[in-house]
Every structure is written in C-alpha cells, then in structure tokens.
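There's a structure below that I have some questions on.
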Amino acid sequence: MTKRDPHLLLQAAPFLRRGITTPGLMMDVLLGLAPLVLAAIYFFGLSAVLVLLTCTIGAVATEWALSPARPRGSSIKDGSAILTGIILGLCLPPAIPLWMAFLGGVAAIGLGKLMFGGLGQNLFNPALVGRAFLQAAFPTAITTWSQQGTITEFWGLRLSSWYVPFTHWVPDWLRILLEGVFGPQVDVISSATPLAFIKFGGEAAPFNNLLLGNTAGSLGETCALLIIICGIILAFRRTFDWRIPVSILLTVAAASGIVWLFNHDSPSPLYMLLSGGLLFGAVYMATDPVTSPIAPRGAWIFGIGVGLIVVLIRLWGGLPEGVMYAILLMNAATPLIDRIAQPRAFGRTITGEVSA
Amino acid sequence: MSLQVMGKTFRHGVHPEEHKEQTEQLPIQRMPFADRFVLPLSQHLGAPCKPAVNVGQRVQRGQVVGEPGGFVSMTLHSPVTGRVAAIGPRRHPNGSLVPCIEIEADPYSTQEIATSPAVDWESLSLDDFILHVQKAGLVGMGGAAFPTHVKYKLPEGRRCQRLLINGCECEPYLTCDHRVMVEYAQAVVRGTQIVATKLGADSATIGVELNKPDAMLALDAAIPAGTNIRVASLKVKYPQGAEKMLIKALFGEEVPAGKLPLDLNIVVNNVGTMLSLADYFDHGKPLIERVLTVAGPGIDRPANLMVPVGTPVRDVMRHCGLNEETRQVVMGGPMMGQPLASLDVPVLKGTSGLLAFTDESISHAEEYACVRCGQCLEACGNFLNPSRMARLARAGRWEEMENAHVADCVECGACTYTCPSGVPIVHLIRAAKAAIRQGKAKAS
Amino acid sequence: MTEVELTISSQRAEPSPFRLIATLGVAGMISGLALSSVYQITDPIIRANNQRELEEAVLEVVPGAAGMQEVVLTNAEATKTIYAAYDGDDLFLGYAIEGSTNEGFAGQIRLIYGYDPSIKRVVGMKVLESLETPGLGDKIKKEKNPAFAAQFENLAIEPTIVVVKDGKDQDNEIDAITGATISSNAVVDAINTENKSWLQYLPATPPAREERDLTNEEDREAASGEGDDAATDGGGE
Amino acid sequence: MSNHKPADPSQYYAEFVKGIWKENPVFVQVLGMCPMLAVTNSAMNGLAMGCATTFVLVCSSLLVSSLRTFIPKQVRITTYIIIIATFVTMADYILKAAVPDIHKELGAFIQLIVVNCLILGRQEAFASRNTPVRAVCDAAGMAIGFTFALLCLGATREILGSGSIFGFSLFGPNYEPWVIMILPPGGFLMLGMILLFFNWLQQRKLRRRRIAGRGVTT
C-alpha cells in the first residue's frame, strides 16, 4: 500500500525552468556578433570569411580533440568554442596567414580553456589568450594591418592568407592556382591603425571614419557605430552585464579626458573611445561571464581597472593598443575581486555581520 | 477605494510563468469523504503529538485524536466520523515512514462536526488565546506548517506592532489562497481582526499580488469601517511569499539574518490560517480541512478543493481525473514543492496544492558547465551567491559555505529556476545544509 | 680510557668553533688560490677578446678600414674615447663612435657607428648590445635584418637623422622597422645624441697614424704572447 | 654508508644511468628550472649551459665526496657553496675566454649555477654520503641528464623560434619564426609540453605493464 508508484519521476524542486540555456546565451552573443561579421566581410572581403572560418575550425577541432568529456565532443554543444573562434577571428588583422589563425584557435581553446579544466574553469578569456599567443609568437604578422580599399574587389584575396604553414611564402603553383580561381591576389600594403598613427607621430583619423569603420584595424573592431548598437541591444537582452562595458568606457573617457585637459597633444577622449579595439573589447571580451566578476560591485571594479590600464598602456606604454592586456590583467584579478565584492546578503551588513 | 495601483516589491527575484489561469476562476468545491484517512502525528514543525485514542475506538469528526507533545506541538483532530483502524507507521509525503493514526470513515455517518460552541475570544487573556489556537490545531498553511500559536507567544521586550497577512501566493499554479480571499473574504478579515486585537497590533496589512485584483476588491469590501486593516498591493514576483521578502517589499525593512520577523515587531500569517482561525473562534471548528489547488497538465478536471486533512492523495487525484500521461506528482507549489514517490500519502495541514506534470511539461534541464553568468545572483532575494554555493557544495567545502551564509538560504529555488546551465543549485544547497547539520551533530 | 672515548665522541658531535672556522678558512683559501690562478691564465685572453671585438666593430662600421687608434675628446663636462680608423696605407677614413640609449623597447641599446667628417655622413652602424624583442625589435641588428643597418651606410646627419614610416626619400631619413618603431627610434636617437655632443669637438685635422698599434698582425701576435703587456697597452680604459 | 660494500662496476653503471632517464633532474625531478627556462632559447646555449653545469657538478661532487669525512656537519652547506662557487667562477672565466659569444648570451646565468638546486642537492643527498667514484658516476649521470634536457628544450625552442638548429637554418629564408618560443613564455610552454609528453610516456608504460601483468595472471 505504501509502495512507490513506479511510473512517478522523482526530481528535486523547482519543477519549472526559465527555459533559457547556456547554448542559448551563446547563440545570443553569436547573433549579436553577426552584424560585426557582416561588416567585416563588407570591409575586408572574402579574407574576413576565411580568417573567421579558420579560427573557428581551429577552436572547435581543439575542443573536440582535447576535451576529456565523454562522449568525446559533447562539450562542443554548449557553443562556447564556436564563440571563442569567432571572437578571436574578429580581433585579428584581415591579412593574417590562415595557418596562424588556425594556430590561434588551437591556442585559445587549448591554452586558454581546456588547460584550466574546460568551460567555466578558465581564468582568462580564451579568445584573448589565443590573440595574446599570436601576438607573442608572430608579432609582425599580427601588427600588419591592411588598409581597406587596397582591395577593391570582394573576391580579391590577400596573398598573405595563403602562406604555407610555418613560412611566409606562397609557392608559385599555388599563386597561379589562386589567381585562376579568385582573380588577382594582392600583396599587403601595410597601414598604421588610427592609434598607431597618433602614437608614433602622425595625423589622427577623421571621426566619421572611426565611427563607420573606414580605417585599418582588426576585422571586427573598426566600425564603432555597429559595435555600440549591437552592444546596446545585447545589454537590453541582458546577455551580458552592462556594468562592465559602461564602466570601462566611462573610465577611459574620464582618465583620458583629464590627461587631455592638461596636454592637448594626447588623443582626445572621444578618439580614445572610438579607436582601436576598445569598444569591441569592452562589449564582447571583457563581458565574458566566466572571466569577469559575477557580482555587480565586482563588475564596476573590473571595468574601472580595465579602463585605467587601457589608458596607461595607450598613453605611456610602449604599445599603441592595450585593450587585450588590460582585459587579461583584470581577468587575473577576477578571483580576487570576486572575493572582496560579494553581494551584501539580505539582513546583513556589507561585511557579512548580521545587521542590527 | 484605498487600493494602490502601483505595487511594491523587493529587489531581485524571478518571474516564472504563472499558470494560474487553469484554476483561478474556479470556486472552491468540497471533496467527498474518502474511505480511509491517514493522520501523521507530526504535520507541523516541532514535537509530534501523542495519540489520544485507541485502535478500534469510534471517533467523531472534529474530535481530538492527538494531544500536543509540548509547547511547539499541536492538537490533532479527526477529519471524519469513523473508527480508528490502526496506529502505526505510514508513508509521509516526504518518503519516510512516520507514526500515523489511520481512521476508517463511517459511510453512514452524517459527518456532523463535534464542536464546542463559538469561543468568546474577546474575554480571553493572551495566554488563554494562545492555548486556544493550539487547541484548534492551527499551523501556517502557506506550506511550512509552523505552529501558529508559537508565533503569538511574544518574547520579552517584543510586541506585535504590525500584523502582516500573507496573500501573495507567488508560487505558480496555486490559486487556493486566491479563492479563499475571494470567497471567504469576510472570514479572513475577521480572523485578521481577532489576531490583531488579541496581539494588540497597531495595524494589520494584507499583502496581495497584483494578479489577484478580485481578491483585493473582495477583501477591501470586507474590511469594516474604523478598523486599521488595509490591503496592500504587490508586484507579481517570486518568492514574494517568503515572509522576509514580503516584509522588505511592504515595509522596506530587512529582517536581520538568522532572526525572525518578531525582531522587527512584525507577525506574519497566511490568509488560509486566518480563515481557519476565524472558523474556530466563530464556529468552534478546528483545523480539520483545508483548501488546496489541484492542477497541472496531468489533471483532467483542475479544481480548488476543500479537502479533509488526511485524505489520501490518490483519492484527490482520482476525484480530479489524473490522466495517463502524468509522470510527476508534486505536493505544494512547483518551485518549492515535494515530489511524491507514491500517491498513497495523505494531504497534510500544510498542503497547498497537488500538481501533476506530464512528460512534455516537465522541464528536463540539461546540465552544462556553469559559466558564472550571474543570473542566479540576480534571482536570489537573499542576495547570496548561489553560483559560488553550488561550486563549494560540489567540492564539499562546507565551512566556506557557512561563511558564505548558506544558512540564510530559504531554498526558494529561484536560482535553479533561472540557471541557464541547468545546475541543480538549490538541491546542492539542501544537501550541503544536511551535511553541515550532520557534521555539527557529530561534533556535539 | 672511557674518559678518552667520551671526549672524542663529544668532539665529534660538537666540533670546536675553531675547527669550524679553520675548515671554512682553508676552503676559502684553496678556493681563492684556485680562482686567482685561473684568473691569471684567462684574463689576458678575455681582454684580448674584448679588444678584438671592439676592433672588429670599428672596422665594420668604417668601410675599408684596416686599423684603428684611440682619440680622446674633451668637452666642458666629460671626456670620451672614440676611434679613428685607417685603411691599409694608414690613410684616415673616419671615426667610430660608441653610443647608447635606455629608450629601447626592452631597455638599453649599445651601438657603435662610423662617421666620415669629410662628407659629414654616417657610414655604418652596428648594435653591440640590446635586449630588443627577438623577431621584432632585434631587427636593428645587422645579422638579423641587413636592410635596416644598411640604411646607415650613407646617411646625412644634417639637421638631424629622422625616423619615418612608409619609405625614406631624404638623405637624412631612416625607414622604421615595421612593428618596431620604438627600437628604430632608439637607435637613431642614440646617434643623434652623440652627434650633438661630440662632433663639434672632433680634431680639425684627422690625427696621424701612430707607429705601434695592435691592429697590425705582428703586434697582435706579440701581444698574446706577452699577456700583461698587451693588457696595459690595449685596455686603455 | 655504502663504502663498506665491495665495489661492483654494475653498481657504478646504475648510479650513472639513473640520472639520464629514470631520475632525470628536469623531466622527473623538475629541478633547476631557473637556468632551464632562462637560457634554452637555442640549442647551443642549452648545450653550453649544460656543459658548464656538468663541469661544476662533477668537480664539486668529486671534491665534496673526497672531503666528506673532514667537513664538520655544521658548516657543510657553507663549504659546499664555497666549493661550488669556486668551480662556477672558474667555468665563468673559462667560457669567457674560450667562447665569448656564447658567454655573452648566457650572461648572469653562468654565475647563477651556484644556486641551482640540482647541484647543491646532489652534494647534500649523494656526494656527501658516498665514495668519490660513486659520487662522480652519479654527478655525471645527473649532469648528462640535465644537459640532455636543456638540449631538448633548446633545440625545440630554436627550431620553432628561429627555424634553425645550432645556428643552421632548417627551413630556408621563408620560415616564419614563432617569436614566443625564444621569449620566456615560450620556455614555459615548451617545458609544459615536454613534461606532458614525459607523463604520457610514463602512464603508457604503466598501462602496458598492467596489461602485461594481467596477461601473466590469467
């Protein structure tokens, strides 16, 4: 009489779920990236497709090959590897040799994620680890920016894309083959990014170019306007914590504004905000939930930290761009921030004492 | 009209789909008497009661069958006229075997309630009043089944400044409190008035969420002029029915962690409790039956039912048409309820609903790695860090969990509801709490 | 007998402080002796190595040079040793000047460059020491990237040497290494600084070639034969 | 301890061989990481560093072992350090005189051999308790193991980072060097990979042995 009814499922409460899943969130971010991908293709032609695709393949293949989860590859389903690949691709220059892009994807997942134990365990943003690896391994290739418009035709490809792995050279037969299929291949004419221009003596790019993306730079970082729009949409969909980009941008604006007031030779706050990878980094990379603080107060600290480091590196460091290192450094500080910036528990003071 | 249009609320929390449309318009029906009733001696928090009858003895509906086993314990009454068939272990809804009194209903009885006449509550001293509440067998009917009279025993230096009647019913599917407020508004208000008067409360507030406008109107109309009872509207949000959240929402005050509402001179009661209290003092009828909602996709004829306490769930389900596809039966609400392993368990004093879910309606959450998205932090009304709790619980780091105030968790399940990675956070927290308790028991 | 045994064993357990000090003293002495003898043998070779390196550098940055000699310049604050370079017939070709800067991407860069006063041009440059990033900044070294160093082989210094990007078109311009602007700047800065401080103090007429010099084959052989002599003559610092 | 046992040549061989593979100071004991990571950006540097370490290790082991009965326990570490430092300074001079170019690349790391825990560790753990012959065998084995490790790391880093080995270009002028490999992070990366490889080898061996063991019993 008191036996168990065998058909009844015993599952712990709650019995309702919101129905939003982690792959769904990843898909949200991917959709939020889609306009940037399209813009990259518009600005840089077929090269952009190739770079993005190669990065993604590198990332997913590594996830499949190295992840210990059984059945093998089940961790691909959460979509994070694809996202990492796309974001990595968007912060690479369009003319990067494809073998390097592939290697970047491998490093991003291998060094950036799986080494720490997989999704959710990683300390650093995987895409940025991949990017930092490439920057350290192939500093020339990754800082060779090509100006938009050097290739007028969509199908025209950058010759450097086709370098044979481990070299910077394309065999003649391949060159002929490529020209037969895609039309003329072009050698990269390198061009400085707006930030490098201003850092190493030169004129600033016009603002509307910065806004619309008509400058040299990484695939995804050039069109400021698009990033802002996508960022606002994602923030309203609560795909990421709006506090992080907002605090980064405000800090950069404030810090560089103060410097600019005293020294008009330094770039203006607006220029700082719109140029380089700042917007892209603030919206798509600093907001990676795994590697940024979880609590709201922590998010503010994180954002302010990133902003300050960006300004420090850009104005006084040896590099023209500092967003990548700023985010990586604050990633490293995230566990610490999480420790000191826990939410104030209900009925308690901020230090966790029972409130009187 | 004194109704506020803009409701108050607390920070954080979640908005689950309400699913109340199935039953919220259905008037309360009376459930026919079952053949057998099972009365666990412990249907409340605290010491179980002691049987006051022998096997084979005839009992009348409303007759005392169990005497309280201490102050934090309740009197138990027979829900039916019949014969004591057995006293012994029976299955409790939580799965364990507990001592119960089993009563066989007399099919030919008229089921008159053995009542004393109405109690003249106005002349009672506070202590006598408390004794009467205990004798009425009243427990908190929102789900936790905390003995009501214990709440009225005010400690030294505290007084009941504000009486708060909880009519939020924030759990999805459940509509029994809603129907009680609509149909028994007079009695609810009367009960509130009795408690407010006896405890000497300055004011009494009935908090109702904005999705029950008819209940608000009915209550408002039932409040006699010149009393300081008012109806307050609240935004719809889960877990607003948790008393600490409700106090925060209505008064903006936080009950200190680990303390009771009484520390803010507030007493909180459920509307169902007020109805039963009024029944006792006006008609001498103890708590022998309650209103519960039977709903969910697995039920053919959803209903709000007045069910005698002790009725087997199987009978209730049969009455409402449990369909073939049902895969899960839950006692209570879908957020905090108890999954039933067997239908041969009784309805308790604290049972607010019986829900049946079919295969399609069960949320099978596939589990992914936690990406620290922070959704659970935004869901937690207690401002804890559930993501961290789950992580620590998985690692067995109990001490750190205690430092992270795991004891403050009310297990409302909002974190788990919202988690995109399908981590069973609240389940892990419950397990951790049990482990911590065990460790402490061992240590002492 | 037992007493003796006891004293011995206790000594073994706890040797006297004297014995400890003596052990260390002996060890230190032996070590000192060993080191000084090794030093005696290797020091002349090391000095000769350094000298040869300097010579090679001087001869490299002044094309066609076969010999060198020191010239000491003095200005208001300091003195500086530079090197006059001569061809096989002892004809003066130009000076080699050492320069350094801390403005490199990874700290100090030391270099030496050749200067021909007759045409007022830099005629060669060699990086002696740098920590610049391999593959990027270290392209300022000739052995890593001949193209950059080659730009210094006929470089006007008036008004100053300037770093440009995207192609040089003036005689006094240097095309920066892609991605290593800071390193390129540092090299040029070092040269500009030296030029500014010392070129005006160059002797009006080139110094004549002195008789005995280590750059001659015979002399160098002689020097390595009689170590001490070479050290005092060649070290010159 | 073991100096009362009759000398057995196979024993000396065992002392010698263990350091090269089974107890390799770098891959198994993970000792001497500082020079390991700092100077192995080319095969030549690795080899030179290995030779210098070998010289210091073998000489000081011989000396420490010969003098082991004369050195009081209380000042033994100090004495070892004096002995080691002497040989290190000698090595420094000799390298400076003989191969100035390599000496320049190795820089301060030659002097830092003094604090290489491998060397002091062998004195304390082995040379001070064993006969000179055994001590030299052990030291030589360990030193060769260390040199082998440095060479491995130096060679892989040079191949990837410069596309050459011992300065000879392997892939022609079109090779794109992985600059990171010659930088310090590359040292960590490569070391990690090599340790990974060694652990994998070891686990595979264990697994094989287990399978073989099972084969015997069934």
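Order of writing sets the chain letters: A, B, C and D. Residues in each chain are counted from 1.
Heads up, the rule we're going with is that contacts are C-beta pairs under 8 Å (C-beta built on N, C-alpha and C of every residue); 3 or more make two chains touch, one makes a residue touch a chain.
From a predicted model like this one, the values you see are computed outputs, not experimental measurements.
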item: Other chains in touch with both chain B and chain C; value: A
item: Most centrally placed chain - per-chain CA mean versus overall CA mean; value: A
item: C-D or A-B - the one linked by more C-beta pairs in contact; value: A-B
item: Geometric centre distance via CA averages, chain B-chain A, whole Å; value: 49
item: Length of the line joining the C-alpha centres of chain C and chain D, rounded to whole Å; value: 32
item: Length of the line joining the C-alpha centres of chain A and chain C, rounded to whole Å; value: 45
item: Separation of mean Cα positions, chain D and chain B [Å, integer]; value: 72
item: Where chain D touches two or more other chains at once, by residue number; value: 179, 183
item: Numbers and ranges of chain B residues touching at least 2 other chains; value: none
item: Shared-contact residues (touching 2 or more other chains) in chain A; value: 139
item: Arrangement of touching chains [line / ring / star / complete / other]; value: other
item: Each pair of chains that touches, named by its two labels; value: A-B, A-C, A-D, C-D
item: Chain A contact footprint on chain C (complex, rising order); value: 105, 133, 135-136, 165, 176, 178-179, 181-182
item: Interfacial residue positions of chain A with respect to chain D in the complex; value: 97, 100, 111, 133, 136-139, 141, 163-164, 166-169
item: For the chain D and chain A complex, residues of the former touching the latter; value: 163, 171-172, 174-176, 178-181, 183, 185-186, 189
item: Touching residues (chain side chain C, partner chain D) in the complex; value: 15, 19-20, 23-24, 27-28, 30-31, 34-35, 38-39, 41-43, 45-46, 49-50, 53, 133-136
item: Complex interface listing, chain A residues touching chain C; value: 139-140, 143-144, 190, 192, 196, 200, 202, 318
